[in-house]
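Working notes, structure below.
Order of writing sets the labels: A, B, C and D. Residues in every chain begin at 1.
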Amino acid sequence: MAIKTESFILNIGPQHPSTHGVFRLRLILDGEVITDLEPVFGYLHRGIEKLAEGRTYLQDIPFTDRLDYLGSMTNNHAYVMAVEKLAGITVPERAEYIRVILDELQRIASHLAGLGFFLNDLGALQTPLLYMFREREKIVELFDMCSGQRLNYNYYRFGGFVQDLPEEFLPALKKLLDTLPGFIDEYEQLISTNEIVLIRTKGVGVLKRELAINSSAAGPVLRASGVNWDIRRNDPYSIYDRFEFDIPTAQNGDTYDRYMVRIREMRQSVRILRQAVKDLPEGEIMGKAPKLLKPPAGEVYSRIEGPKGELGFYLVSDGTDKPYRWRVRPPCLLNLSALKDMVVGWKVADLMAIFGSIDIVMGEVDR
Amino acid sequence: MSDFWVHLLVYLVILFGFVIVSVLLFIWLERRFIGRFQLRPGPNRAGPFGLLQPIADAIKVLIKEDIIPTESDKGVFWLAPLVAFVPVMLMFAAIPFADGAMLVDLNIGILYILAVSSVTVIGIFMAGWSSNSKYSLLGAMRTIAQEVSYEIPLVLSILGVVMLTGSLSMNEIVKAQSVPFVLLQPLGFFVYLSAAMAEINRTPFDLLEAESEIIAGFHTEYSGMKFGLFYLMEYAEVLAISAIATTLFLGGWQGPLLHPVIWFITKVLIIFMFIIWVRATIPRLRIDQVMAFGWKFLLPLSLANLVITAFEILAAPDMNTAVLIGINIAVMFGLILLFSRFYKLGGGRVSVK
Amino acid sequence: MELDSGKPLSLLTLDEIDQHEGGIIQSFRTGHTTPYPDPADWLNSEEPPPGVFVTSVEKVLNWSRHYSLWPVMFGLACCAIEMMCMAASRWDLARFGMDIFRASPRQADLMIVAGTLTWKMAPWLKRIYDQMPEPKWVLAMGACGTSGGLFRDSYSVVPGFNMVVPVDVYVPGCPPRPEALLRAIMDIHEKIDKTRIIKR
Amino acid sequence: MTAVLDYQQLKADLSKELPGIEIQAESSFLLALPEDIHHVCQYLVSRPLQMDYLTNLTAADYPEYIEIIFHLNSIVNNTAMTLKTRLTDKTNPKMASVVDIWRGAELQEREIYDLFGVVFENHIGLKRIFLWEGFEGYPLRKDFANGH
């Protein structure tokens, strides 16, 4: 049965409760059904890449914080690693362990916030969001202890860290690690088997395996489509090859799978954290690095597995103290490549669920 | 002045006072209660325990600038809040607060309430259409689809109660409840509460003002006093639905020891608390799922309820009440489980050319 | 079920809309070069003189506005996360009666602009500000709101929100901690309390 | 560990497979001409190399040319490689789009078009992505001065 109808354009955004920032979607709607969609980017385009070219390598670290502002620690790590690779700086053992600890904490914090927003988009009146912010707050407090900031930490330096962990950090972390799995169980109990969550997410917004790879999706979005690809395992960086952990994947690539992959990833992060805390050696926190860094001319592409996916930095040096070209590979932007294929045919309410499950941060999409 | 006019005036004042005061109280209660659900204290600065919070909101909304968009249909835009609000107030005319304590004891009380309550949807649609905003229009479209469909299970679920009492008068229905009808009509109560929550657009059926999807739905363009009226209407509707549920299923003002009015308010509060509880915990359904739930699940169940009730009245009029209650509850759970296996929510992806 | 869509009900194509919006942004950028003066005269104003009727009315109205300050959601960038943290359980904005975050500007009183404002976004900020009914207040959160902050030199960033809308209270920090934002809201409360409704 | 392909070997394979193609193998990347890039990419994505994952696509502005850089990955073989091409005509840079090979190139090519001014032919919807219509200049070119 075919119904002859006429469609209309609906603007979602740039300021809308569930676009996760200033993102805009031009929907062509047929009643409630989305027949076409055009994303409009750039409402948070701050020209970070241009600004970074005008400053020294060290001064560029704060810019990385403000890319994916829910994953500042991992952004720091990716950038610092790229410059270390470019300039040939070695990092002490203790610093590597601390980097892993902070990265995994940041992954949990980012997933908590992302899942909270996702459930908010499903229409759950903020309750799950506030529950997840409760745990995120504990992690943020740990970061606050070591860096003195709550959101944009600026804690990594080339060769190590700006300062050693404070004394109270490890006891607090151990306490958190004891309670965190219980909280994740609580979320699973409340959400994963909720009938309404299931019917709203199962089978909705399927991203097929082939399209996921072809559209350069990364991170949980890619893994939920059945691709076993994680930089921590496939191209190990830092000291990730020393830890035992699984890469959670799912087969259907629907909204529910993306949610479940994130929940399982948090459990794996707890597992890595436990091992890292156990093995954490004493020693230097800072390797040998000059105050004013002048890497030799050349280029480098270095990547890590951030909370949203593969976060890469492509740097070109011309031998001066400022980068010649400074480029971020933004997982959030590329995860949106296949948005149209996931959304067309679904309803406006589903768009919010699908969009929330991709978990983007506009700071990184627009840069 | 005759007694009739004195009665009318006194009750009008009492009713208005009751509705306004309890709506303000409800708003406070909801925000405090939801605050507790969300691990926080909720409003507690304005007055003791934040009790004056709704009053502050009310005064502020009253003195806020009232914007009428240039492109809107001004007459309809102006009229819509009234058309939505007045029927809700009219519903309270036939609700007994104690034995005979009501504005008018209509002998078709429940029919009158159903008839009046369905006018609200016209006001909401007027608001959505006249705003000349796409978000409002989407909200209005959802309203029409949802409220018209849920009217049917709502009415059918009440019919069971009417069959048991043999009267349409609200006062008679309360008097007939030596045992609260929630026990004799558990299935009817379930269907009524589900359908009523869809009627008054509370979570999980709050599609027409789905904040994460269509901003504020039909009242996106409303500000100031007119928005205040919609806000008032929403809570007055909840109050009305709670009061009707109390009257029809929970034995109304009946209860031992305490004053009937206190019993009535307590029961209303229990239903209201339940609605808040659902709101704080459950995500929203999608429009096609809402429709499927109404037509494929609630409608057959309410029809089955009618048949069962009729059968019980005809075949076993003298059965022991305790046994009857047991059978009814068992039948309810059986039917709900059976039906939730049978029906499919359907919908899903539409292929687009 | 299949849908057979006809042409969209719009007079313009998407590309034409883009061109049109680009023109708006460009003219907006050239048209907003001087900042709005800060409405800060309340800072030095003294307590209103005692009067029986007018003062009491003023008190009641200001009291109601003080305790019922509904914010509109306007998160732009990093600061929005800290704004949410403040609204979340730990700092709990609901205590002050601000738990109703309105998504529609028509029903809001306070705009907490949190994050970096770009020229592409500026017309929309202005529009949302215009859509809010009087009386309304604007709170610029973070260094970007004050001056453009870290991104001041950029080609696409508005150096301070006061280029676009008049700002009542600025909060320093990148991003400000929730405590700082709470303090700013106290300042807005103070401004409301000092408002004279009847000019004398 | 992701293995980086041997570029000399790759060059030999490519010249055999696509005769008449001019290609240069450097120590850390493969350099192709802009007019050949579509053919080269088509070969890379097919068997046996199966470079099915376009990790990163970006550009850099040098005094004589604009360089387009492809960072490619094979998810199946867990291999990586870098492919480059140089556009010498800086006033009107043009090259073929690779969106039909990798969907992931769509947004990144739009980004390069917006910030560098490189036109990608046969792109499915090439228009400005971050900046607005009517913005003058290409910000990431070296001759663009930042500031107001």
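Simple rule for what comes next: a contact is a pair of C-beta atoms (placed from the backbone, for glycine too) under 8 Å apart; a residue touches a chain by one contact, two chains touch by 3 or more.
None of the values given here were measured: they were computed from a predicted structure.
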| item | value |
| --- | --- |
| Which of A-C and A-B has more C-beta contact pairs | A-C |
| Geometric centre distance via CA averages, chain B-chain A, whole Å | 43 |
| Chain centre separation (chain A, chain C; CA means) in Å | 28 |
| Averaged-CA centre spacing for the pair chain D and chain B, given as whole angstrom | 61 |
| Whole-Å separation of chain centres (CA-atom averages), chain B against chain C | 36 |
| Chain B: positions in contact with at least two other chains | 38-40, 211, 215, 350-353 |
| Shared-contact residues (touching 2 or more other chains) in chain D | 128, 130-132, 139, 144, 146 |
| Shared-contact residues (touching 2 or more other chains) in chain A | 2, 8, 16-17, 30, 33, 35, 42, 45, 47, 50-51, 54, 130, 134 |
| Chains touching one another, given as label pairs in label order | A-B, A-C, A-D, B-C, C-D |
| Footprint of chain C on chain B - complex, ascending | 31, 35, 38-46, 50, 52-53, 55-61, 63-67, 211, 215-216, 219-224, 227, 350-353 |
| Residues of chain A touching chain B in the complex | 2, 8, 10-11, 16-18, 30-33, 35-36, 119-127, 130-131, 134, 194, 196-197, 199-200, 203, 344-350, 352 |
| Chain A residues touching chain C - in the complex, by the definition given at the top | 1-9, 14-17, 21-22, 26, 28, 30, 33, 35, 38, 42-48, 50-51, 54, 62-63, 66, 69-70, 113, 129-130, 133-134, 137, 140, 150-152, 362-363 |
| Touch list for chain D against partner chain A, complex | 1-2, 28, 52-56, 58, 60-61, 69, 71, 75, 78, 80, 82, 102-108, 111, 115, 128-132, 139-140, 144, 146 |
| Residues of chain C defined as touching chain D within the complex | 15, 18-19, 21-23, 25-26, 119-120, 153-156, 159 |
